[in-house]
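For reference, the structure I am asking about is given below.
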Amino acid sequence: MRAGPAIEALRPQLKAWRRDFHHHAESGWVEFRTASIVAEELERLGYDVSVGREVIDADSRMGVPEPEVLAQALERARDQGAVARWLPALAGGYTGVVANLETGRPGPVLAYRVDLDALDLQESGDGHHRPAREGFASCNAGMMHACGHDGHTTIGLGLARLFIELKAQLSGRIKLIFQPAEEGVRGARSMVEAGVLDDVDLFIATHIGTGVAKGTVVCGHNGYLATTKLDVTFTGVPAHAGANPESGNNALLAAAQAALGLHAIPRHSAGASRINVGVLSAGSGRNVVPGTATLKLETRGETSEIDEEMQRRALAVLRGAAAMQGVEMAYRLAGEARNCEPSPALVDFIHSHIAGLPGIDNVVATENRPSGSEDATTMMQRVRERGGLATYMVFGTELAAGHHHQCFDFDEDVLPVAIHTLAYLALQADAPALRRHSEKS
Amino acid sequence: MRAGPAIEALRPQLKAWRRDFHHHAESGWVEFRTASIVAEELERLGYDVSVGREVIDADSRMGVPEPEVLAQALERARDQGAVARWLPALAGGYTGVVANLETGRPGPVLAYRVDLDALDLQESGDGHHRPAREGFASCNAGMMHACGHDGHTTIGLGLARLFIELKAQLSGRIKLIFQPAEEGVRGARSMVEAGVLDDVDLFIATHIGTGVAKGTVVCGHNGYLATTKLDVTFTGVPAHAGANPESGNNALLAAAQAALGLHAIPRHSAGASRINVGVLSAGSGRNVVPGTATLKLETRGETSEIDEEMQRRALAVLRGAAAMQGVEMAYRLAGEARNCEPSPALVDFIHSHIAGLPGIDNVVATENRPSGSEDATTMMQRVRERGGLATYMVFGTELAAGHHHQCFDFDEDVLPVAIHTLAYLALQADAPALRRHSEKS
Amino acid sequence: MRAGPAIEALRPQLKAWRRDFHHHAESGWVEFRTASIVAEELERLGYDVSVGREVIDADSRMGVPEPEVLAQALERARDQGAVARWLPALAGGYTGVVANLETGRPGPVLAYRVDLDALDLQESGDGHHRPAREGFASCNAGMMHACGHDGHTTIGLGLARLFIELKAQLSGRIKLIFQPAEEGVRGARSMVEAGVLDDVDLFIATHIGTGVAKGTVVCGHNGYLATTKLDVTFTGVPAHAGANPESGNNALLAAAQAALGLHAIPRHSAGASRINVGVLSAGSGRNVVPGTATLKLETRGETSEIDEEMQRRALAVLRGAAAMQGVEMAYRLAGEARNCEPSPALVDFIHSHIAGLPGIDNVVATENRPSGSEDATTMMQRVRERGGLATYMVFGTELAAGHHHQCFDFDEDVLPVAIHTLAYLALQADAPALRRHSEKS
Amino acid sequence: MRAGPAIEALRPQLKAWRRDFHHHAESGWVEFRTASIVAEELERLGYDVSVGREVIDADSRMGVPEPEVLAQALERARDQGAVARWLPALAGGYTGVVANLETGRPGPVLAYRVDLDALDLQESGDGHHRPAREGFASCNAGMMHACGHDGHTTIGLGLARLFIELKAQLSGRIKLIFQPAEEGVRGARSMVEAGVLDDVDLFIATHIGTGVAKGTVVCGHNGYLATTKLDVTFTGVPAHAGANPESGNNALLAAAQAALGLHAIPRHSAGASRINVGVLSAGSGRNVVPGTATLKLETRGETSEIDEEMQRRALAVLRGAAAMQGVEMAYRLAGEARNCEPSPALVDFIHSHIAGLPGIDNVVATENRPSGSEDATTMMQRVRERGGLATYMVFGTELAAGHHHQCFDFDEDVLPVAIHTLAYLALQADAPALRRHSEKS
């Protein structure tokens, strides 16, 4: 591949993009500025760009903020330099972007997925935190790129530039997917349901960091747990706690019973499981029998089957706890993801092709320490269901602090390494080895 | 009244009866020997005697022992001197006796109710305990007259003898009711449903002791709490706790959730309430997810309305707790009683008539310290519903230890005092003052 | 008494005061404007006025807002017409006022206590709500006089004016006590500890409404429950709920266990008890093992002994729940009051003197329905401990909605009735009947 | 090896032993008859036999039955043909046997461990159950060899006979360990603490069945979970639930809180964990605040570190739950075992030597499905700590029903296969390959 010099030339642009996105951090479903800049650049490069409801199924979105929050965020994006002509399509929380590059030569549809969103977290202003020290810390209060998605978006744009230069060497079709709302595993399903993955033969999702050392690349990370996120409300009857406590139906006690019952769901012999009631808020005043309570909870499982069993038990616990206190229970799915199952053939192919590429010291086939969750897994499953191959690659880098920490930062050298490696794979993607395994090719 | 000498003559017999019943203590629904001796004596005296299913409605009995227990107790009664000809009618737990004495003169039906049963308690063998010292402690293991019902039965028989002597001075009809299974408030309902109370104009239930001083008589005790007794079973699915805990449905956890939820039922602003899970037994082995759990619980209320609200909430808690763990819940009513509401007119009448009778130093109208429960209240309500007047009298006496204690004993001097007072009231029972208030008279 | 015409002349001023205080509602410890106007008027009338730390013991205050809240409220009070010269003494939450009127004649110290504070509640803007319709609804967001303390403050000022006119007929000393922060039972203790009650021979606290009919006066309300308010914090260790849940110490589960354990504290056989966890807030994010939880709770008892037992049990539950999860527990007393025990001699005296006064149709000696709580009881106890007599009077009036309701309003006709009655009692206060019972007189 | 014919000759004896032990099933610590027969046979063969306190450390025994149970079982053993001269040493629950055979040639100490005890389980009398049909079902009510230890004991005796025949070909010392009370993981520690394992260079524990197919041998089973068994007692204060519930301290509620808290102990990210409260029994009567409660619980972990963390958390939960209710908590260790960590060198050695032996179709190195627990692991750890090598072998066989099922039975053909294989290994045990890894050899 002759991409080396091209990437070196890109370095300043990569740094500029990453820091601009970091500075203007936008959390899930309000990535209006970020998505508009991405769409504008992709269209400028000559990609066929789709945004908004074309690539996001409205009803499949999870955890969308309230309308006023969306409206305020849109105004802020406009003020902070969003490309105005894209905003109407993105407004209301449809912040996905998909770009296609047709090579004109037969070959597979090769898709790359990156994510756009920041976390709901206040970034550190400490002088030891490089973004603060060098002036690119988030200017948006309570939002921070503390997981590296600013880097992922940059990788997506860097790939886009490179593929234009490499176009003559490519075959089939390149598809770049910029997903909103990965945090809370809320966004992937809406792109899957909009059909974005239906024509994909080969699929690669990417993450930087995650505890992998600089210079190491994981070809098929499979440690992500399947997960389900639920928002729960108990609605009872308030009453004066001194004058007539017997008139109340106590939503706080229902929530307390539920919290204990949820954490007491049995362990699963088939693999790791998790349960967490992360937030509980109940009651309105000290002397009032609490009439309302809300819970934010999540289940996880080493396999989707385990997670489904956890979810089934969780709903029984919630319903029963409500019945105990004579209160109503309602819940809303606030996020979900499957466990991560990379296609062995694609993992093997990558494993056998990328050793020795610039910046890569160590190539690891799979890595299955159970840990967090990731909703690219929903995309991967759709690709596999339709006969394609899918994997999840991790590019190691040094971190200043762990993911989701207010002092998170990463070594930007990982960006050209990832772009080069991912682009290199595109040049090999029409290989017979892959065609054999992909039912569609 | 000319009863004085007659009662003095009775003293040795009263002592003999009381100690015989004490020695052969029989608990609820197995009072075969006691009931047969009572029936025999009453018939001998010339009363019209009904026993068994004539006075006990089978389906309204609560907390009846298992058939084998009933059968063994019947054999034991036979061995201990039961009057054999009554046993067929009593067999199977129909141990009530009702005796009528028609005076031939117009007047009210005046009913007295006493109870027959002992407690499931092992009597003390200590030398300081008079029944042990003097050789009349219970010969039946695990059964003891620790509440004074042996005295009550004796009062009933003493009254029966006296009324025969006083017959010429009486009017209307005398009805003597010997109830089984008062402990656990299990027996009264079955006599009510058999119609025993339907023709009663004036009703007096009696207790000795209860913290009332020797020489004091309470005309209308109204401190008994309404109560409901429930036996509850949770049935889940056992599983190996190491190999596949997720296959189980945990009945022990359902019971634990229920116990907490039951005790957390809100206090009632309209009066005293109570809840107690007295017994919980769950699980079969350390390494097995528990498939079954049983609870014995009770609710109480200062009024029957409060107790009903407690019961309604308790069932919701039980159902919800079962649903939380995916187990089945079944329950059985094991006892119930209403709160005690003596008829004011009858209380006033008694209050104004008994001062100065032998052995009475102090006459108290009502006494409403909330305490235990008593199922004569179910009879009282039936009487009142049909227009009659009803009360619950307490005759004070010194106790060696509290009711239900293994060293319980009482001063037998209370027996002639109670009999004399109750008989005296029968002589006044056709008074216009009572006729006015009793709708039926 | 020749007060009648004087009161009639006061009517417009009473209405003006009440509506001004209602419009500028200030909640507990921030009654800066209200207290300054009260102090200014009392000093103008010739009373000896004490405010701030002279009448408020700093360390005995409970539930004081954060310093920034106090500072903002002070500025708002200044903007809304507070009398500036009193503000330095009131600043920081020392909003009590005490005024003395020495008659120069021997006689008892007769104290009247009213309260100044509004509730933390948003007043209704509905057109059916008279304050909204007539333009005197609260101008302070989230604060509302929904309990009638605006009326109580007005009664205090009306009495102050009247006593100046009646001075020649009075003996002993009149003491007017304007208490802050009655809501949440937070303020009385600080005035007691400052010694405000130590010289009082006769004490009358006052409330309007509370379900008592217009025209009815209760001479000695004794239904208030003793109460204790606690703010509780559990501090554990947060952890990622997917990656390493075993590293966390779960404060939410501690709070849930505690909530159940608190509500399961046994009922008390000596009288009514109450427990309520009114507010529970725990956790920071769905996927984080919750590291903190806070509870706002209260216990109550028909007697202070019952409440103390409830509090003792509550603290055991809280400590145990923390230990179960390995988290720290800390609590703060946020309010407390005793049960209400009016002095029988004072109740009898009032009962026998006020029948037939203008506006009074019905005089009730005592009224003991258990209901809410009131911290004037702390003052009453101090008065009784030092040999004085104390009572709590209720003046009935029609309410537009119940106390603490956002549409609460009352019939202002109650104000002159209460002032006239309370002033009339001052004219009789040197009676031998009271002197006999008050050890100090 | 020329052992083949010798084993064939043994077949009738093996069947006789197995069925005799099966018929006279004795559970943990009361294996008086079984141990006496084993000791007698070993001594007869010429082994140096130690029994009782020589091989059992009294204080390290766990879950020993009450003295009267031990005494009755001893009498029963005597009645059922125990060899009387061994009983004095075994009496009181010291039912271990160790036999040494000194070859006179230098070489390692090679130990085999088998277990003696039956389960507390009633054996099926169904005609489909071979032991019932053929008349060797357990004659001891509530005790049954439902795990195969009758087979293990038989394997031990078969090996003993064979080693006498093979003595001339053996080197070093053979040590046969017959352990009591493996069920409930109660017995191994007492043999370890008595020093039985301290001189062992090579150690092989054995199990038949466990889901492994007939013909398959597992050289190093490593799926057993570390486990801790606790018996817990809560002691509170009983009280009458109607009359004075506030006087009680409720042990049942402490147990309920504990059960929920125990099951809510967080999952461990380092591997499988388990918790089970298998039995909860609380309270004495429906109307009594429960004064006592007992729990039987167990924790497990994929590693001993995880189990220790579970145990640490469990004790915090138990202590906190007791504190919540003001009751006392006491616990007793009722059993414990480590996770299974076979020495790789010994596993490899066995794996490479036994293929093709009679009855073996398939040799598996390791098998790590997490499942139950086994206290031979405590012996294995002691051997490894002192520089020896240890493993746990499984010999597959067909089962009529799962282990611990009342219809459990196995194909007795596995007995000669296991004996032959284990004896064959003794002939190779002085191999350099093993000497290299064992620090002591």
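Order of writing sets the labels: A, B, C and D. Residues in every chain begin at 1.
Just so it is clear, a contact is a pair of C-beta atoms (placed from the backbone, for glycine too) under 8 Å apart; a residue touches a chain by one contact, two chains touch by 3 or more.
None of these values were measured; they are calculated from a predicted model.
Set side by side, the interfaces B-D and C-D show unequal numbers of C-beta pairs in contact, with more at B-D. Farthest from chain D in terms of Cα centroid separation is C. Distance between chain centres (mean CA atoms), chain B to chain D: 54 Å. Mean C-alpha position of chain C lies 69 Å from that of chain D.
Each of the following residues of chain C touches two or more other chains: 243, 245, 250, 253, 257, 260-261, 263-264, 266-267, 269, 274, 289, 370. On the chain B side of its complex with chain D, the touching residues are 184, 225, 227, 229, 240-243, 245, 250, 252-253, 255-257, 259-260, 263, 274, 276-290, 293, 296-298, 300, 334, 370-373.
Against chain A, the residues of chain D that register as touching in their complex are 260-261, 263-264, 266-267, 269, 272-275, 370. The touching residues of chain B, counted against chain A in their complex, run 243-246, 248, 250, 253, 257-258, 260-261, 264, 266-270, 289, 309, 313, 316-317, 319-326.
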